[in-house]
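Below: one structure in structure tokens.
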């Protein structure tokens, strides 16, 4: 396995020059693009890593997976799906068009920005701080890492420039999808996106999902099986933005990417994978990360199809 | 003329029951729907009125005409049209779709909400208060009424519930159309929409436009001729929301409506007309007001075509 | 007047190099782009011309004005407007999007391709040939030219390559807007678009509209006044494709353009204008023609606003 | 297994009354809605069935799976994906909007109507008849049934009323996606949709895909493994129209439905499933069929996630 990961890192690095780091959040554009780290968490709880696996990055959209599971735990499936749909969109992750044109009027799924912001308004907590602490605590348990915290600079950068997300949130307030105060919900969203991890953390998150909610380290049930399966389904149909279909064909496993350069991938019943490489393709997916996963999928026959 | 106006009032009143007052701004829904007032300002500056001509209402979208002219005066035609387009939309007045899909990315015209908010960010002034005072002062001169002020309750109501307008404004901030602080621009927009007038005030505004910017009362040039003509053109192509085409066919004169129930209409070279009747049709136009104007247009052959 | 027209031709010619002839109909792209002709028909029936006024071109979309009037005469206002709307679109002339998204499902107006094809399905006649003969006969009377005929090469070229129009027609058949056989309706449309005229012919058509349906040559009523006014309104709101708003501001008179390079313009109560110059701007309007009309409008103060 | 299938049939039948047979193809609306048949083909090639498993129905969109595989075999992956994309749409199966708005301009995937029609234009053959015979032959081999033929009445009905599909095809001809003659391609499409099967046939097709292209009956390789995996991926992301996301969550296996009431489903490495029940939900999926599959998936833990 170590050898395979080393080769996946080499293979993926060859494509980094075709991408570029996220520019729409100024703080993200300052990262060194020439990094690629990969970690795998196995059924026995062991972690194997290669490359820049200890480099920190912000989770960004990978956090949508965590927030969605917590919202389902907090509010139940029926209520959550009255606020967000279950279908892929065919539009960009930050598109606002379907909020106006789709019937019924709600975000098409919890993995696009609109849906994820709506999901954040469903997290329980008596005030914004408690909501964030609950989300962070859940995140830490899933990653088996009690030191996770958010990157204040990235958070400030997102909060300052997040006009598109504000547009989505206010639109959803207008159509009665968003609950609570717009700026409070967005603050939670910006903080959760800025949580800082390395590839080992998200490999652990992926492993919990691979084993249907069970921690491969402690054996503890962290997420009900039904919810773990549900979120893996969303990762397949819309986890890689509007490149989800192509990723399903080329790699064939549930995965969620973030514009920070991370990809959290799941081989059901087998292992969790965390990859980090900050140069992105035109859809916002880590270009080296996707290539490394393609390599692993082909060599280890990981496709679920 | 008095007789004609009286008959127009009667004719229009017969259609009021088919409409309803605006519901999306709570304060507007409390108005008595069974009102219809009409005023005409002639070439010699005289005002002739009938019906509920002294009833007050908030100008709402009619203010877009005034703000647009001031923005052109302040910043020049070229700069203003780099921020908003010149074309009708075929979409609802508060639609956000084309902000995402149109190329180049800008509001299609200054009469839809997005365009009017963008226009407000162009009004000159060292701070929000000065901007509003300049706009209010210009409005007062155009209406020959120094007592105009805004309705605080309606303003508060719009400010509290204006989520869709906030979505538009934040989206435009994201695509670099909107200048300045979003909430400051929106505050100006909400205040301007809440300016309170009666049908005589907007008939006077219409008369100034009818005489290419010249006040029929004082003979003073209040707006350059070129700008007065330009705004009348926008009134024809997009002054009556997505009912502009039908209005052009049935009435045939430049007009701008507001969801407060007012319509400001212009018979070029001839007179200004102000109508007020708060029950609206499905597109947001005063239903009695449109009918009264249809009556006048047919009897007096007002169509410009 | 002759001098003004000569200067308008010179002025317009200076902009020809910024445009290009229509390429989507192969036959149209073969025309010499460096032509500009202009004709004016006055109240007394006299025609004054300048430049390439005797060059022939195909009317293309200008024919939509004629077909629309005939459909209203044949089927009545109410029925026609159950099939096409009255509003401008904000989309390109050949767009199909709103046929799917607009409610109710019908073309937004009779000047876009979808609307014009729907209109053609309403022309009376016992078979396709009779329908075309009726339309051609009406066209000839409006232009006071009994020799008008269609260009067989352009017709064949349009018929062969008109896939987008076929898509529009079949879509409208699906939503029960289009009556009759799709290919028969399209054949009428392609033939009507290929009718060959010079600038004098369309100036005469414009003059009939300028005088509310009355021929300035014979004094005969060719079109009921109400219909003439209606079609002038459509020319204002959507006669110049998605450049109608800008044209209204810069020129300010009802006009209809065609991708053959013609523009038919109307100065109500005053005169008809025909312009021809085949190089088009990005929206499909004759670039030299628009400029020549801008020149005339400014010099003669033609704006109706 | 027999007992499970019997119970799945009972369970599914309880939901039939919530749906209705397809009405847009007149011939399909005549079917008795109260049918539900299910068949499973196991690894050893045995078929187990229950309910109305011998009822015949037309495959409709299930044929898209077969045509897509043949097109890839005939023309290669690279060429095929230059004509159709790999992403889910979020729109209805017969939507035309994205053909106009998406960049690049091509159908988003081979499972929506536009994509499937484009795929049909890629099938090799010297004339339409040979193309159909090749497709039919491939279909027969995949179903291990040499007697498959198409239903002439349904074919005639689709051909007569297929205006929306014609609109899609002509639009794609206009943007140079469709190859060949529009009506010839559509004829192939209408014939393929009208191929008549029973639930055993499509269970066999599903089994071939379940075993990566290998026939569980003969052991023969009918489809290259890579192509079999690819098509299963498309079945996951867009096999159940705009209900694909919900189906992935509730059932969790690759499946393709048709408006004839069939669903072909695949349990990778395990078995193929064919279901038939003609009453459809609002998205065009067999309502009893989906429920029967939900039942089986839950009882047998079939989800791939």
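Order as written gives the chain letters A, B, C and D; numbering starts at 1 within each chain.
The definition used in the following text is that a contact is a pair of C-beta atoms (placed from the backbone, for glycine too) under 8 Å apart; a residue touches a chain by one contact, two chains touch by 3 or more.
Fair warning: this is a prediction, and the values are worked out from it, not measured in the lab.
Participant: On the document's contact criterion, could you list the chains that touch subunit B and likewise touch subunit D?
Facilitator: A, C
Participant: Please compute the C-alpha centroid of subunit A, do the same for subunit B, then give the distance between them in whole Å.
Facilitator: Centres of subunit A and subunit B (C-alpha means) sit 46 Å apart.
Participant: Hey, how far is the Cα centre of subunit A from the one of subunit C, in Å?
Facilitator: 54
Participant: Just how far, in Å, is the C-alpha centre of subunit D from the one of subunit A?
Facilitator: Chain centroid spacing, subunit A to subunit D, equals 32 Å.
Participant: Where in subunit C do residues touch at least two different other chains?
Facilitator: As it turns out, subunit C has residues touching two or more other chains at 101.
Participant: Take each protein chain as a node, join two nodes whenever their chains touch, and name the resulting shape: line, ring, star, complete or other.
Facilitator: ring
Participant: With touch defined as at the top, which chains are paired up in contact here?
Facilitator: A-B, A-D, B-C, C-D
Participant: Tell me, which parts of subunit D touch subunit C in their complex?
Facilitator: Listed in rising order, the residues are 95-97, 99-101, 163-164, 166-171, 173-174, 182.
Participant: Residues of subunit C touching subunit B in their complex?
Facilitator: Of all residues in subunit C, those touching subunit B are 85-91, 98, 102, 108-109, 229-230, 232-234, 236-238, 242-246, 248-249, 252, 254, 268, 303-305.
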